[in-house]
Amino acid sequence: MLINNGFNEDKIQSPLRYIWSIFKGKSIAVVAMWLMIILITTSILSPWFMPHSPLTQDPESMLLPPYWAKGGNINHILGTDDLGRDTLSRLFQGLQFTLGGALTITFFVAFLGMVIGAGAALTKGVKASVLHHLLDALLAIPSLLSALILITIFGPSYTNCLIAIGLSLLPQFIRASYIVIEQELSKQYIVALQLDGATKTRLFRYGILPNILEPTITILNRLFTMSIIEIATLGFLGFGAQLPQTELGSLIANSMELIYLSPWLVTFPGLAIFLVIVIVNIFAEGLRHAVIEGEE
Amino acid sequence: MALLDIRNLSIDIETAQGKIRVIDKASLNIVDGSIHGLIGESGSGKTLIAKAILGLHNSNWTVTADRMFLGKTDLSKLSQKERRQILGTEISMIFQEPSSYLDPSQKIHTQIESVLPKKTMQQRFRRILSKIKRAHISSRRLQIKELLHKVGIQNDVAVLNCYPHQLSEGVCQKVMIAMAIANNPRLIIADEPTTSMEAVTQSQIFRLLYKLNQLNNTTLLILSNNFANTSGISDYMTLVYCGQTVESGSYKQIMGSAMHPYTQAMLKTMINNEEIYEHKAQLYTLPGNIPSSNQLPIGCRLGPRCPRAQRICVKNPTLTIKKGHSFRCHYPIKLS
Amino acid sequence: MLSFLIRRLNLLLITALILTIIAFMIDRTVTISHATTTLDQRNYIAQYFSYLWQIINGNFGYSSIDQQGLLKRGLVFFASTLELCFVALLFSSLMAIPLGLLAGLFRNTKLDYMIMTIAIIGLALPVFWVGVMAILLPSIGGDILPVDGNLSLVYDIPVVTGFLLIDTLLVTEQYGFFAFIDRVAHLILPALVLSFFLIAEIVRLTRHSMTMVMRSNYIQTAYAKGFSRTKIVFTHALKNALPPIIPQLRLQLSTILSFAMTVEIVFNLNGIGKWLFISLKSGDYLVLPAGMLIITGFILIFSIATEIVMVLISPLRRGSLYVDK
Amino acid sequence: MRLICLLFLIVSLSGCYQNKALTQNTLIYCTDSQPTSFNPQISDDIASLDATTHQIFSRLVKIDSKTNEFVPDLAKSWERSDDKLRYRFTLRNNISFHETDYFQPTRFLNADDVLFSFNRMLDVTNPYHTVNNQSVNYFYNHPFTNLLSAINKIDEHTVEFVLSKPDVTLIANLAAHYAVIHSKEYSEQLLKEGHPEKIDFQPIGTGPFKFKSFDNNGTIRYTKNDLYWQSMTNIENLIFFTNPSATKRYTKLLSGECDAISYPAASQLETISHNKEITLNSKSTANISLWAFNTQQDKLKNPKIRQALAQAVDTETILNAVYFQSAIQTETLLSKQSWALKPRFDNDLFNPEQAEQTLKDLHFDFSQTLRILLSDSSDVFNPNFHKTAELIQANLAAVGVKSRIDDLHEIALKAKLDSGNYDTYLTGINVHINDPDSIFRPLLSCNSTPETGNSSNWCSPNTQVLLDQSLTESNFAQRIKNYYHIQDEVFNQRPYLPIAHVLRLDAISKSILNVEVNPLTGINFQNAIKQDLN
């Protein structure tokens, strides 16, 4: 009997490696990925290499414009705020809070949501239906409102804001992962696995998890985007990070009264939020396409 | 006389790992008025060939052919518009799983009506006139009714007012056939028309197709993975393996004197009720699996599985034609 | 049909009940933590039922600041929010559906990438920031558009329906159509900002839906019938691609409202978001359960309504009336 | 293509969304906060005064804005008896109260109305005395109690005020915001209806504008009082609109949605002063922004420590960074205009080196954290508390003192102040009468609580005696001397660090003329004229 191996010139690539090789071909997405890595590392490391501390006041140079504008100073590339603090350092500190918060939320919510969603999808009966109705009810509450409710109960602070946003986004994520897993469960190969007598965990690990990569990326991306926007929004409304913590949204709120005097102070944090979301979205979109192409 | 004459049709598909030649120099010659079976395992490229004939290919396909003629029209040189004119009137297609090939949001009536020849100005005018005369002639309704009766649907009114999801697969397939024959095309391509159907429905559909061929003299190209099923009604057969046409010939030639090892293997797989199998005897299969599309062997693609393969099989065999019986093999089975 | 309705209403009631429990829990928590009223000594279950009874009777509590009934005021504010959402939805549908269809139709072409870039940008623009930047508008472009508020103050419009677009039309004897135009002018900027997000969302949904439809088998059939691409798009694709967007969009309703609330706060529109925000800032925490009940009540009723409408218009879903899946 | 259509739509709308005919006789004043009531007798916050004193009500006498002299208003004339104890006021005839949906006057103003208005404040037996009267220090800023012994009705149009001892400030008091005249008839109608509290929320007065509506979004509508006895303006509708964001107010002023705004953001003053379309109206006030040290707190008990902390703070930077041009730097509690001001010429008010040295000498515990308490919302005397606190924090850090900023919201803040458990408090005080007592008493009296102004919990017998003495002191020179003593003590003991005297600022569109702003009693639109500039 002949064996096929002799003719298999290429090795069969592992799916992840295969997806990676497709992803590498998407130049914009790769650029976005590098930008994302740079953004995260710089905002974490910024206290060590920034020339100015984000809290140092300088009465001599208040409200400096960015250095390219008239009256700008090369010491403060993006200018200073009304207390003479360096805008760039403050932006990075803000990024630390916003981006870090969003990543934390994404991580925890994704984990919890996946577990609960999978639990709901894999179990039947009273437990699932109770969860279902509870989700229906919770999903009807706009996330901003539920975040406000939770913050009113906990009191405004950065950590509470993160908890509130996480909790308010959790139902959405549970529902999303539930739907995805449910869809996957109805597919033939899962039935085959079930007939093989696979346990729930095995079914989840080997049957479902590898096949829901693409929708998971979409959900995660959405979760991340929403949490950034919500952190910034709550910060802007004064329910999030409390001063002197500078979160990008509260940075905008604090400079709002200065908008005519120094519009840069409002422009830069907004642009930062915008760029972070765009970069992450492009990266996620690229990844998603790679996964889709890899699966096809 | 050949209605459809395809020689050395190749299809390359662009993928992330480069171009893959999925159809490799396939040749097909369909005699006018015959039933031609295109037989191959699933994934062997039958549907691709059919789509290439219809021109329904995506932008990342490259289709090349030495000859691709439908009657006297060169299919490979048609513009989009010209091709559209041919589709439906000259060639039509019947798909597998018909219910998914019918628009779920339109009633059957609308869908059938849309394939009927467009009303000319004259007809419209006549219709208005007839309305004035209060002589109610709904020619279209009649036409549709006739079509449905032709394909064996009796309760036409009920069916016409249904959405596809309310009908069974068999009825849907009949509707598809009705739509396909609406314009009396010269060639009907039936792509596995009976998969996922009950046996009774299957034979109904086959009988219907056979009748069409006999009554209207419509040429039929039946794509199938079921050698046994299709061979029954086919006048001619072509076998495809991994995008290569291995053997082609009339029913008698194939059944009686298969030249290619693959054909022979297929013949052997047919369960023959006259033979008595021993208890626990193994049924015959070719060893190995069909290679996946990105790891196709070079030369004769059956090579690794072929019981008669030798070193020279890594080169592509040339087409041998004997009395309309063609095959591609370096070591054909000798006529016994 | 009747059994379907009863089943849906049944689900609605259970969800509504859960929501009142949540509202009750919020009510108790804020009352205890901020001690605005004397504490009720009865056990929680008895308290809950009296709370539920009050809600059924339309008594959502009273503002701790001016002792006004919360339900009536909340509804008036919510009407304004809905108006904003509606205008934004209308505007963004007009913009986004054609874009999404085009993107889906010309998938993976330059046009598609361009449209998707627009969508990502729309999603990424923080709503409140755009609102803040809009403040700069008068100093750049003069008094083109009003920067905030529901309506110019010169118009004193009595509240009839709560929907200012309608109310302004009711006072044409006094102000002519100026009040209406003024209202429209005040809605343009906030609706535009809210649309950014909505456009992004609708473009994505439409594109996905369109792609799925264009890949489906019956489009192949249509090609095989010899139809032109335009004809296929208009006769087959649109009809199948658009309806699935509606339930998808319905799922986004709470997100849309969430964004609308932010827009209101930034643009100083008297909607439910600003109401909640101002009340919370001034320590009136009882608005939270009331506001929550109003918003969620609307979302529940609206989703049931869309479901019924969907069943009525979409032949595919009508099957679910008869077949219990 | 769609974008072009949209732009076209916007452009076409922009031409007509503002209706000229309607806006022409409507004046919109955008304020920073809502009034707490519509009666200046019970509310003395700026917003309430702006919304009521000159618009709805009239007083017996008023101050002429140009000459600063007292001129008759509702009183035709007045005469003083020879013993300087009796003042007799003759009222004008045919002065009608507002005719509104909720009240139709049947008679003109007479002596009963004047009596009612004052007795509501003075007479504890008056049925209205306790209406809407929740504040403990109801008469704190109304020195009538000490002043008057009786108010008599002589005839329908003559009222007599009897003083307990000679006092020249009576006329000034009668021109103050709390001396407005209410309608007795209206009060009786309300009593009958059983809603006496409405008197302060649906007011009836004799002023140039009558109250129309107040909605919870912060819009107050007035219409012209057609029965007003003086010549009137061309303004038919007066609208007050509350928008807490100074930037938004300014934007609306630019876009023509507001005709005048109160307190434009300090940071925008420079841009506003360059704008030719806008008049910037600034009036100096006695309102003062200050940093209070809680003298009851152990770590701040030593006045030297308070001195040193005060020395560490650079008030000039605060002024530049927070107030821009909206305030005047000060070292004293009294404003430059006050007759009791003791001028001071110290050069080492800001001296961090010396401050650090003093603290070291006093063995100040540098490891402890000094808490800076502040409100989380802005107020008229400080546009941005938090920024001020941050600057102070940086100053303190420079001398090695650690500090923490506590932003608290209204209710929590009040609780904190009541508990007395705080170190320092960044606050300020509003002054409504041009009298040193109105500043010193709330800040320094033992009877005053942190909530009413004494946020340093200062109580010194010496100060208290001086305060009480000067109130009854008839010798002016002695009074001044007393106040000088108080100022010295404040300087030495440092319960407060004065930061700035805040200006009353209003930005008014050039199309509005004759708006008068009185820093003590509020804005006056009586004579305002709106002209069409186009």
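Order as written gives the chain letters A, B, C and D; numbering starts at 1 within each chain.
In this section, contacts are C-beta pairs under 8 Å (C-beta built on N, C-alpha and C of every residue); 3 or more make two chains touch, one makes a residue touch a chain.
Small disclaimer: the values here were computed from a predicted structure and weren't measured.
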{"item": "Per Cα centroids, the chain farthest from subunit C", "value": "B"}
{"item": "Of A-D and C-D, pair with higher C-beta contact tally", "value": "C-D"}
{"item": "CA centroid of subunit B to CA centroid of subunit D, Å", "value": "92"}
{"item": "Where subunit C and subunit D are represented by their mean Cα positions, the distance between them in whole Å", "value": "43"}
{"item": "Centre-to-centre distance between subunit D and subunit A (centres being mean Cα positions), rounded to whole Å", "value": "48"}
{"item": "Subunit B and subunit C, separation of their C-alpha mean positions in angstrom", "value": "51"}
{"item": "Subunit D: positions in contact with at least two other chains", "value": "245, 247"}
{"item": "Two or more partner chains touched - positions in subunit A", "value": "238, 256, 259-260"}
{"item": "Junction residues of subunit C, two or more chains touched", "value": "135, 139, 281"}
{"item": "Subunit C contact footprint on subunit B (complex, rising order)", "value": "54, 56, 81, 83-89, 92-93, 95, 97, 100-106, 114-115, 163, 165-166, 176, 179"}
{"item": "Partner subunit A, residues of subunit D touching it in the complex", "value": "245-247, 250, 265, 267-268, 270-271, 314, 317, 320-321, 376, 383-384, 386-387, 390-391, 394, 405, 407"}
{"item": "Touch list for subunit D against partner subunit C, complex", "value": "2, 10-11, 13-14, 16-19, 22-23, 26, 28, 212-213, 216-217, 219, 221, 237, 239, 241, 243, 245, 247-248, 251-252, 254-257, 377, 409-411"}
{"item": "For the subunit C and subunit D complex, residues of the former touching the latter", "value": "34, 66, 68, 73, 94-95, 135, 138-139, 142-149, 152-156, 175-176, 178, 181-182, 184-185, 188, 268, 270, 281-283"}
{"item": "Touching residues (chain side subunit C, partner subunit A) in the complex", "value": "11, 14-15, 18-19, 22, 26, 29-30, 33, 116, 120-121, 123-130, 132-133, 135-136, 139, 251, 254-255, 257-259, 261-262, 265, 273, 276-277, 280-281, 285, 288, 291-292, 295-296, 299-300, 303"}
